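Submitted below is the structure of interest, expressed as structure tokens.
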Amino acid sequence: MSKRIEVKDLNVYYSKFRAVEDVTITIEPRTVTAFIGPSGCGKSTFLRTLNRMHEVIPGAYVEGEVLIDGNDLYAQGVDPVLVRRQVGMVFQRPNPFPTMSIRENVLAGVKLNNRRITKSDADDLVEKSLLGANLWNEVKDRLDKPGSGLSGGQQQRLCIARAVAVSPDVILMDEPCSALDPISTLAIEDLIEELKQEYTIVIVTHNMQQASRVSDKTAFFNIAGTGKPGKLIEYDNTATMFSNPSVQATEDYVSGRFG
Amino acid sequence: MTATAERPTPTAPRPKATVRLGDRVFSLATVLSGSLILLVLVLVALFLIVQSIPALFAKPGEIPNQATNFWTYVGPLVFGTVWAAILALIIATPLSLGIALFISHYAPRRIAAVLGYIIDLLAAVPSVVFGLWGVLVLAPFIQPFYNTLVDHVGWIPLFAGPVSGTGKTILTAAIVLAVMCLPIMTAVMREIFLQAPVLHEEAALALGATRWEMIRMAVLPFARSGIVSAVMLGLGRALGETLAIAIVLSPATVVNVFLLTSQNPNTIAANIALQFNEAQGVGLNTLIASGLILFVITLLVNMAARFVVNRRKAFSGAN
Amino acid sequence: MSVAVRSSRATTSNTLTAGKLPKGAPWGLLIVSWAIFVGIFLLLKASGTTADFNIVGALFFGTILFDVLIVVISMVVEGGRKAKDRLVTSLVTTAFIVTLLPLVSLIYTVISRGVARFDANYFSESMRNVIGAGGGALHAIVGTLEITAFAALISIPIGLLTSIYLVEYGRGRLARAITFFVDVMTGIPSIVAGLFAFALFSLFLGPAFRAGVVGSIALSVLMIPVVVRSSEEILKIVPNELREASFALGVPKWLTILKIVLPTSIAGLTTGVMLAISRVIGETAPLLLTTGFTTSMNYDLFNDRMMTLPVFVYTQYANQGPDATPFVERAWTGALVLILIVMALNLLARLIGKIFSPKLSRR
């Protein structure tokens, strides 16, 4: 299920503006990698290039290579739609589809692609995905209620279940807890720990405690100033990054001296 | 290293070609229907021009009303159209300003929503009903006032006699027009007034300004272009209104500015409605040509209105 | 000395309330002014100067009197700045009352005169072979419904697809041109739309051709821009996050639009479409030119003249017989039915918008 991501000399542009410069990074399977850095340093932008979601923004394009198990996402003729089925994404704010019930939300990825699925298969998939997202026990009695009726933390776990249901290889999370309270955050963090058994997980976070709690490896992004492109400053084991970083800027950032 | 070089061009169709097909068909359909709208607008202009040509080059005697050529025929109508619309705006502009301010800044919040809804309902009343009301209710009601006006201030050219005995004058028509233009003008102004920055308003109030001073300092400067465009939109409405005028006005082929007589300049739209079903040959072409003139006038007014607003980049969820 | 006097006054009354009219004063003054003019008009009636009591005139002049009074009094009691504020407040309120008068008068007249023929015959008979009293507007109601339905059939797909293009695909010059000209198109006079449809068909079928379908074309020219504008506004409200969530699940764009964006906004879209229908269903001028008029039933959109309700109202008024009463009565009832249809559409549209729109989880 889980796959290795290799990024080579990746540049991201918004029209003429270079947002991210020369990122080279290798993300191992079955690990949690955290991207940290100050606002505007390009970490979210970079995350989006891992499943070509940046293309939603007009004028955004990349140079360089992103390989998932050796397949280049940006090779000629690659369909971004297929890429996104392999690389799922969870967003900053929980965004269940408001017209769908909880059950339909979980099945959305399957149903929306017009794939046929028998009722029992669908039931199994819903249960498996919701179990995987630690949400099953809370919602199993109200699967036909609208997803927007859940609490923020439950909605976010529903979105994770929805992403898991299309059985991707990689799950990207863009500040998944920033709109949640501490209790819900804890639930999500526990979930990330479990998901790691099966998926490669990349998470962007502003919260350094969270990065140190959930991730195996941490990448620190920074910008030299406004209008300059973001760069990958340091990438190492999380323990090393937070105790003994090799770059001064990283130490300043993780110790709270700026950012 | 240009953008085009980096974007993968869909050259190699693989199994996923079906997916792309759906996307392509769908986006093509939307583009086509969007372009269709432009096409329709071009066609409107084109057909009107084609059908107008016989009238534009007609010989004297072919045009109705003993006009020597098309331009002497349409001239009085253009005057009447513009004159009626201006009169209507003179009435409607201060009123709609007042209503919009009342709803946005004076009425209690809960009442304001209801009032806005009532004004919107006014917009939904069909114009033929306004016409009926204008001729059967407003005209007889207001005629005595016209008598009084002519008797006492008849020396002012605008109010010169002889007074119309039916009340079917251009002023009555303008009042009906004004009532019909009010909703759209009010709606636009209200939106603009509600968008006035609250911080500026509070700053003005904190300086000890009265409510009016606050509105003059913080709301009106902000809303100026919006007010202008609302007036222009109202003007567009008033210029094109047909049935209300056709029913209310008792027309003649004249050019004058007397508000209260029974000899009133007619408008293009009303003239078309009244003459169309009897017209034949060049007479028909003449009517269509006058419609073309009306089209051009309203087009210019509307385009001017849109330019004035200089629409700020609308907030869009889809970008 | 004088200082001492002032401070002693300050202890007896709050200085902040000094020089201010009491709270209820404006309302009291308004009622008094109204009462004065109601009195004057009653006197005029009693003395025989006017035929009957004129409540509208009384309220109108009473309101004007109030405006004058409140400013003068405020000027004396509260001073110039405050008086100016009072002036504007009263003017604004006056504007509102003055506008309500015609609306109330219109609604009142249409209802009171319309009920006379609001009977079963009106809804079950046409005007065939009717010369004086009697008859009905069934042929006109059927015509209106058919023509408007066909216009909607043309306008809704085009309008909806165009708004989807503008929101989801449109970039660059074409999108800007469409947006601009849709705005311009909303200002096309309805009679010009009628002329266009007429010119279009007369080019192929001769100038005498009249049929319901020509009217439908004319109406759709008026309706399309309204549908585009309202749908565009609604589609823009759909949060981008939902589109992104769908893309991230590997759903292609067209399916995202069909299955996420449209279902989310369906209530708003319906509201917009119904409001657009209610806008064109009362149009008279284009139908007068394109569908002609008739006294008989005609169910066929593509052949022969067809009566519509607005045109019916107009012709009943314009071509009165020797005894005008039944004609005018039919016209008023037609107006009443038309207003009822339009109001019903409006209310229904707003209800749909309110009840069925999904609750977007917003904090």
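Going in written order, the chains are labelled A, B and C, and every chain counts its residues from 1.
To be clear about the criterion, a residue touches a chain if its C-beta (ideal position, glycine included) is under 8 Å from a C-beta of that chain, and two chains touch if they have at least 3 such contacts.
Since the structure is predicted, the reported quantities are computational estimates derived from the model, not experimental observations.
Most remote chain with respect to subunit C, judged by CA-atom centres, is A.
Counting C-beta pairs in contact, the pair that comes out ahead of the other among B-C and A-C is B-C. Inter-chain centre distance (subunit A to subunit B, centres taken as mean C-alpha positions): 52 Å. A separation of 14 Å divides the Cα centre of subunit B from that of subunit C. Centroids built from CA atoms put subunit C at 50 Å from subunit A. For subunit A, residues that reach two or more other chains under the stated contact definition are 58, 81-82. Subunit B has residues 19-20, 319 in contact with two or more other chains.
For subunit C, residues that reach two or more other chains under the stated contact definition are 239, 243, 252, 255. Of all the residues in subunit B, the ones that touch subunit C in their complex are 19-20, 22-23, 25-27, 29-38, 40-41, 43-44, 47-48, 50-51, 94-99, 101-102, 106, 115, 118-122, 124-133, 135-138, 141, 144, 179, 182, 210-213, 215, 233, 236-237, 239-243, 247, 269, 272-273, 276-277, 280, 284, 287-288, 291, 294-295, 298-299, 301-303, 305-306, 314-319. Subunit A contributes residues 51, 53, 56, 58, 81-86, 88-89, 91, 93-99, 108-109, 112-114, 146, 148, 155, 159, 162-163, 166 to its touches with subunit C in the complex. The touching residues of subunit C, counted against subunit B in their complex, run 50, 54, 56, 81-82, 84-85, 87-89, 91-96, 98-100, 102-103, 105-106, 109-110, 157-158, 161-162, 164-170, 174-175, 177-178, 180-193, 195-196, 198-200, 202-203, 207, 221, 224-225, 228, 235-240, 243, 252-255, 257-258, 278-279, 281-285, 288-289, 292, 310, 313-314, 317-318, 328, 331-332, 335, 338-339, 342-343, 346.
Against subunit A, in their complex, subunit C makes its touches with residues 171, 239, 241-252, 255-256, 259-260, 263-264, 266, 358-361.
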